[in-house]
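Across the two complexes that follow, subunit A remains constant while its partner is subunit B and subsequently subunit C.
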Partner chain A sequence: MTQTLLWLAQRITAVILAVCVVVHLATIIYAVQGGLTAAEILGRTRGNTAWLAFYSLFVFAAAIHAPIGLRPVLGEWLRWRGASREAFLILFSVMLLATGMRAALAVFA
Partner chain B sequence: MSRWLARVHRISGIALAIFLPLHFWALGNALQLESFLAWTEQPLVKAGEWAVVVALAAHLAGGLRVLAIEFLDWHEWQKSLAAIAAATTLAVGLALALAL
Partner chain C sequence: MRVLVKRSSAVQEFEVPRHPSQTVLDVVTYIQRKLDPTLAYRFACRVGMCGSCAMTVNGAPRWTCRTHVDRVLKNNELAIGPLRNLPVIRDLVTDMREFFDKWARAQGRFRGGRTKHDDFEKVIPDSPERKAADAGIECIGCAVCYSACNVVAANPQYLGPAALNRAWTLLKDARSVDAIEKLRAVAGDAGCHACHTHMDCTERCPKHISPTAAIAGLKRATATAALKGEL
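== the complex of A and B ==
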């Protein structure tokens, strides 16, 4: 049951992230031309609710996707399984969500 | 081939998971963004940035390949999907290298 749920959550977030990453890569390649400046980045994001909504969704999906992806890596490569691994992954997810939303709000406000 | 692609997918995913907290931390300090961006002008940091973006492109392309095989039943397309994934990664890598 848990495995199925994790598998499903990983695929749903993958589809969301696929769209987000295409937009993100296009933005990066466009934005780095002529060098990055804080003014340029903040000029794009400050007060722009569309970018805030986009980055919020992006952060939320990544905060679910990354820990689920790390789970088998920790199990297979570090032989780390059991409750301590799950606790670490939940903590990692919460940390990504918190720092990610802090970043999204910092460039918005 | 698919074993090699799975390995690239895993390693790029690990790299992104390690990079994400640093990325969020840097952006979270928006007030010091200018001095941080000055720091990123160093050649070694630029090379690192390029590698992270290529890892993102590789993870995206590899992930789309997995989704296509699992949900669209494109098993007979495996080799083409692998080629598309490699080409996408290469294209993004080149585009960024030219833009940087």
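== the complex of A and C ==
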């Protein structure tokens, strides 16, 4: 049951990430056209709740997607299975969420 | 041609004459009958039905009785060894117990709900369910897919392509009554969710079955059952 739900969660977040990555890359390509400055980036993101919502979704999806993908890698390459692996993956997820949200909030506030 | 046979002790070299329409099994049989009677190997039907003669031929698992030497010979050389991912009993003979135990663990046996007093179940040949089952039922249990699978090599608990394909064909059988039990048996780290879709099984299956498609079907079916709270 748990593993089936993990698989589902990874599939759903993959769909979200596919859209997020395309928007993110397209914005980068668009934004660097006239040179790249911190002021220009902050001018776009500061106080803009739409960008905050977008990057929050991006961060949440990545924090769910990446640990689920890392799980079999640890199991198959390092033979690391059991409760300690799951604990590590939860920590990893929290780390992605915390650092990601820190970045998203930093360019918003 | 030069034939290198990976035996329990060491790799042994033989010189075997070429013949038209010669199969790899013919080569092994020639070695055993004319050159070294101590060579152990397994075969039965010689016509691609029984699934007992699979070996590793020039690096890939194959059914040797229906593999022509013409197709696999490289630089007039043939390297023959036992199947990968299975314990070797002796020379080219592997212990298939774990392989078939996993079929049992995947609930790879039919369970119907009717008795002799009931009428026959109607099986509609053109229904999507029946077509999905038909696509996988010609499996001969040769373990070529199991030997080709990199996930089995990395995760010994993994049920493997053949067992999961078997579970899938039974799940799609209109007469089957234990769908949820089967889905529970095949879900998880040892089951369908361990598959990385490398498709080595599908590429190697001598019967051109796609266990990958069966496993993808099991992933969908388990997900649907999980969302309904049935798993």
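Following the convention adopted for this analysis, the second predicted complex is superposed on the first by the 106 of 109 C-alpha atoms of A that agree within 3 Å, B and C clash if a C-alpha of one lies under 4 Å from a C-alpha of the other, contacts with A are read in each partner's own complex, and residues count from 1 in each chain.
Just so it is clear, contacts are C-beta pairs under 8 Å (C-beta built on N, C-alpha and C of every residue); 3 or more make two chains touch, one makes a residue touch a chain.
All figures in this text were calculated on a predicted structure; none of them were measured in a lab.
Peer 1: Looking at A:62, would you say it contacts subunit B, subunit C, both, or neither? Reply first, second, both or neither.
Peer 2: In the superposition, A:62 touches subunit B alone.
Peer 1: For A:5, select first, second, both or neither according to whether it touches subunit B, subunit C, the two together, or no partner.
Peer 2: second
Peer 1: With both structures placed on chain A, which of the two partners, subunit B or subunit C, ends up touching more residues of subunit A?
Peer 2: Counting residues of subunit A touched by each partner, the higher count goes to B.
Peer 1: Quick one: is A:21 in contact with subunit B, with subunit C, with both, or with neither? Answer first, second, both or neither.
Peer 2: first
Peer 1: Counting only touches as set out at the top, which of subunit B and subunit C does A:75 meet: first, second, both, neither?
Peer 2: The answer is second: A:75 touches subunit C but not subunit B.
Peer 1: What part of subunit A is shared between its subunit B contacts and its subunit C contacts?
Peer 2: In the superposed arrangement, which is not itself an observed complex, subunit A uses residues 11 for both subunit B and subunit C.
Peer 1: Could you pull out which subunit A residues touch subunit C in their complex?
Peer 2: Per the touch definition, subunit A meets subunit C at residues 1-8, 11, 72, 75-77, 81.
Peer 1: Taking the complex as given, what residues does subunit B use to touch subunit A?
Peer 2: Residue positions touching the partner: 10, 13-14, 16-17, 20-21, 23-30, 33-34, 37, 40, 53, 56-57, 59-60, 63-64, 66-67, 70-71, 92, 95-96, 99-100.
Peer 1: Spell out the residues on subunit A that touch subunit B in their complex, using ranges where they run on.
Peer 2: Residues in contact with subunit B: 11, 14-15, 17-18, 21-22, 24-25, 28-29, 32-33, 36-39, 41-42, 59, 62, 66, 69-70, 73, 92, 95-96, 99-100, 102-104, 106-107.
Peer 1: In the complex of these two chains, what residues of subunit C are touching subunit A?
Peer 2: Its residues touching subunit A are 151, 154-155, 187-189, 193-194, 196, 219, 222-223, 225-227, 231.
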